[in-house]
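A, B, C and D label the chains in the order they appear, each numbered from 1.
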Amino acid sequence: MIKEGDTVQLKDRKNSFFVRLKKGEVFGTHKGNIYHDHIIGKQYGETVKTHKGNEFIILKPTLYELIMFGIKRQTQIIYPKDSAYITLKLGITDGMKVLESGIGSGALSIVMANAVKPSGKIYAYEKEEKHLKVAKENLELAGLDRYVSLFHHDLSEKLPEDYFDAAFIDVREPWLYLANVNSSLKRGSPVGFLLPTTNQVSRILESLSSHGFIQMEVKEILLRNYKPVPDRLRPEDRMVAHTGYLIFARKG
Amino acid sequence: MIKEGDTVQLKDRKNSFFVRLKKGEVFGTHKGNIYHDHIIGKQYGETVKTHKGNEFIILKPTLYELIMFGIKRQTQIIYPKDSAYITLKLGITDGMKVLESGIGSGALSIVMANAVKPSGKIYAYEKEEKHLKVAKENLELAGLDRYVSLFHHDLSEKLPEDYFDAAFIDVREPWLYLANVNSSLKRGSPVGFLLPTTNQVSRILESLSSHGFIQMEVKEILLRNYKPVPDRLRPEDRMVAHTGYLIFARKG
Amino acid sequence: MIKEGDTVQLKDRKNSFFVRLKKGEVFGTHKGNIYHDHIIGKQYGETVKTHKGNEFIILKPTLYELIMFGIKRQTQIIYPKDSAYITLKLGITDGMKVLESGIGSGALSIVMANAVKPSGKIYAYEKEEKHLKVAKENLELAGLDRYVSLFHHDLSEKLPEDYFDAAFIDVREPWLYLANVNSSLKRGSPVGFLLPTTNQVSRILESLSSHGFIQMEVKEILLRNYKPVPDRLRPEDRMVAHTGYLIFARKG
Amino acid sequence: MIKEGDTVQLKDRKNSFFVRLKKGEVFGTHKGNIYHDHIIGKQYGETVKTHKGNEFIILKPTLYELIMFGIKRQTQIIYPKDSAYITLKLGITDGMKVLESGIGSGALSIVMANAVKPSGKIYAYEKEEKHLKVAKENLELAGLDRYVSLFHHDLSEKLPEDYFDAAFIDVREPWLYLANVNSSLKRGSPVGFLLPTTNQVSRILESLSSHGFIQMEVKEILLRNYKPVPDRLRPEDRMVAHTGYLIFARKG
């Protein structure tokens, strides 16, 4: 049964809206208003009508859909092809304390927060206040804000020592903060980076070596979509060719 | 603190072993025996000595490492590049009831079991008894067996109706079982398939249409590794070119 | 020294024009008129002025540039990544008689015509008159029209027997014409196809088998461009993900 | 009709040999000896018997087959996916004077020599004598040696000025020779490089800029093979993931 605080996907033939439910509130669409109270108490798969009588089906959004279609994007986001892999590669799971910085629009934070719940936490450092605000809204929409502690700061702030079980760093010059990140990690903990240029990859690899990190790996993930037509099956004409290189290591 | 039931990674310069700890047991290596009791109570990052005095470091393995290096492989496994994406795309999360069949060596089951814990469950159907046995051992190694119900059966067995929140089907002829899978899913639930040939992709797309599924998508994920040498950065010479096509849909 | 009949590239900072030179003619640009006679007799690398005094540098265009930037495109063209490979794979070289159909805008015809010159010939069958007209203009621009015989016909027209040294077929249903193509090829001759969908690939493979062709191969070629910035080297954000599958075989 | 000096492919069910024909010579196989004189005068597609009575079919090899299966490989070769593209991108055609260095086993030299014939020439600089020897044999096998002038020298030797129409450089540190290459090229001429690491790519881009080259481009080409089975069509399991980055520019 759908309850207050849930985020639902409202879908008609052309549109798809993602709404977090709160008693008494109204969601306005160009097809009319939808009262949250008309949704609360229903089952997923049922429909709701606007005050103009137009019908929307109520679906339970996957995190994937929330990230791809629901969240506000103020920055380039980390896409599911990368965020799913990062989260598995870093071994993010229930109970872990995970350092993340910067967080941009929070697309990776959502995936990692879902992985550490119920007893873990993401410690998210972001120096841009406007990103922090958007990330907070997006985490609320995903219903995962309680698993993320947001800090309006970059990584030059002294981090707690021997504290984190894993870290993911997505900033332009991660080598500037590597000593701080290193001392904040427990021994053996995995760390990841996303960097768009080969020059940055070379530089972080050097820096990782000089700080005693081990097991360095560099990867890229390519996702290719096909037109799902059974008798004319073929890849789509164009694809995303690059989001970033993924670099992984462990504290030595 | 490391406790009984945990799976640890024992690592020296050349070897890496994955061991689930049980009081009183002994793990034999070519460098001597290691007593589980010598590990229980230590911290990750500490070392343990064999009876011959050789030292191993005790690390907490990530699920990624367990899947890539720890589990027994009796079949082609679903690799992390795919299993991480599948799990996010299907929206697998705490509390969900997920249908999986076949399960092979259980590599995907491990990732999905980790995602549904603590209150959800994977319902894993596998017709080959020898696979089932290996999958069970692998799930135990990962400490996730309690989140998976194993059934020695293929999908021709009548499934409970309107029951599952998601499904992933990795069998040669999934269209044979699609009516059964369809009726077992709750309305709007996501379903995924892995199929190696384009002919199978065409066939399942047709079958999905005729059973009223919606939002069909076909994808493939390519992972490219680089040699992590800062001043000679380059992709590795060879890569895995194909594991399988991923097909996703929702019950309409 | 540049002479009548040559195709030159006229380039300023923003524009690039491809012009086949003819005595007495004038080429109009938004920066003023350029007299062909002012170009004839010059060397590549020199400049020419419009009647308004604006300067253009005169370059010798490569076939690559002509195909990518110079020719009229009335159809999806076969790109250099594919046309170069096709031409080498089919062993197209001086003196060969090559069957091609359809030819679209002639982008592949240009590459193959350049390869068979001076003593070979492309026999180009195209059923669409408007394509034929554009292809002819494009071949003239490339200065290669004399090496191509154009036929306004599809492959249902009876072809000469035991005649061609190679063939490339780019039509929607090539299996309809395979008996005709087969009998027109000399024994052992290579043949190629470009087909966008996997269903077509399966169908032509079946048809090739049943007509006794040997050495079937299926390939696809992906081209990834990088931003050529030395200190921020990275792939471009997006790429062409699919032009078509290339299928090769030999007459058995 | 097959004549002396032609290179033929001799093929039975299991083997494929590439032989350049010379009157009076004998080619030994494990199935018996084949007299060149028994081949000369025949047509392609006919068969020849060994002295033990075993039959081979006589085929005209494509350059592609010669490169992939016929030539001796003493070095990593430039594969057809790259050599075909390089040749088209550089605009190599009849009559051009082309600089190449190093040439390794001559796989690219063969493709470019075929493109400049009959009136052009490849000027091939190679510092390793053993490579030069193998490249010479390979060019002879391809029947293209007359279009290539081989120089036992690296690019530190002063090149003729304002002389070449195009250049392709495949050496470890091409920036060392760029001033020399630059002055040897005619204005506007295209130049290409193959480099395996991103660091080398960055370095040559910098060097190209500082020497006044224009229109820099960086590309990589991926070739994916499929299993040609009509009812089980799928990519092969593994592929070559990297041969090298291709860098192109023009003399400014």
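A few notes on this one:
Just so it is clear, a contact is a pair of C-beta atoms (placed from the backbone, for glycine too) under 8 Å apart; a residue touches a chain by one contact, two chains touch by 3 or more.
Just so it is clear, the model here is predicted, and its values are computed rather than measured.
Think of each touching pair as a link: the shortest run of links from chain A to chain D has 1 of them. A comparison of the C-D and B-C interfaces places the larger number of contacting C-beta pairs at C-D.
Inter-chain spacing, taken between the CA centroids of chain A and chain C, is 46 Å. Measuring from the averaged C-alpha position of chain C to that of chain D gives a distance of 22 Å.
One inter-chain figure worth recording: chain B and chain C are separated by 48 Å, centre to centre, where each centre is the mean of the chain's CA atoms.
In chain D, the residues touching two or more other chains are 198-199, 201-202, 224-225, 231, 233. Taken in their complex, chain C has these residues touching chain A: 196-199, 224-225, 231-242. Per the touch definition, chain B reaches chain C in the complex via residues 198-199, 201-202. Those residues of chain A that touch chain B in the complex are listed here as 44-45, 57, 59-65, 80-81, 83-85, 87-91, 93-94, 111, 114-115, 117-118, 186-188, 190, 198, 201-203, 205-206, 209, 216-231, 233, 245, 247.
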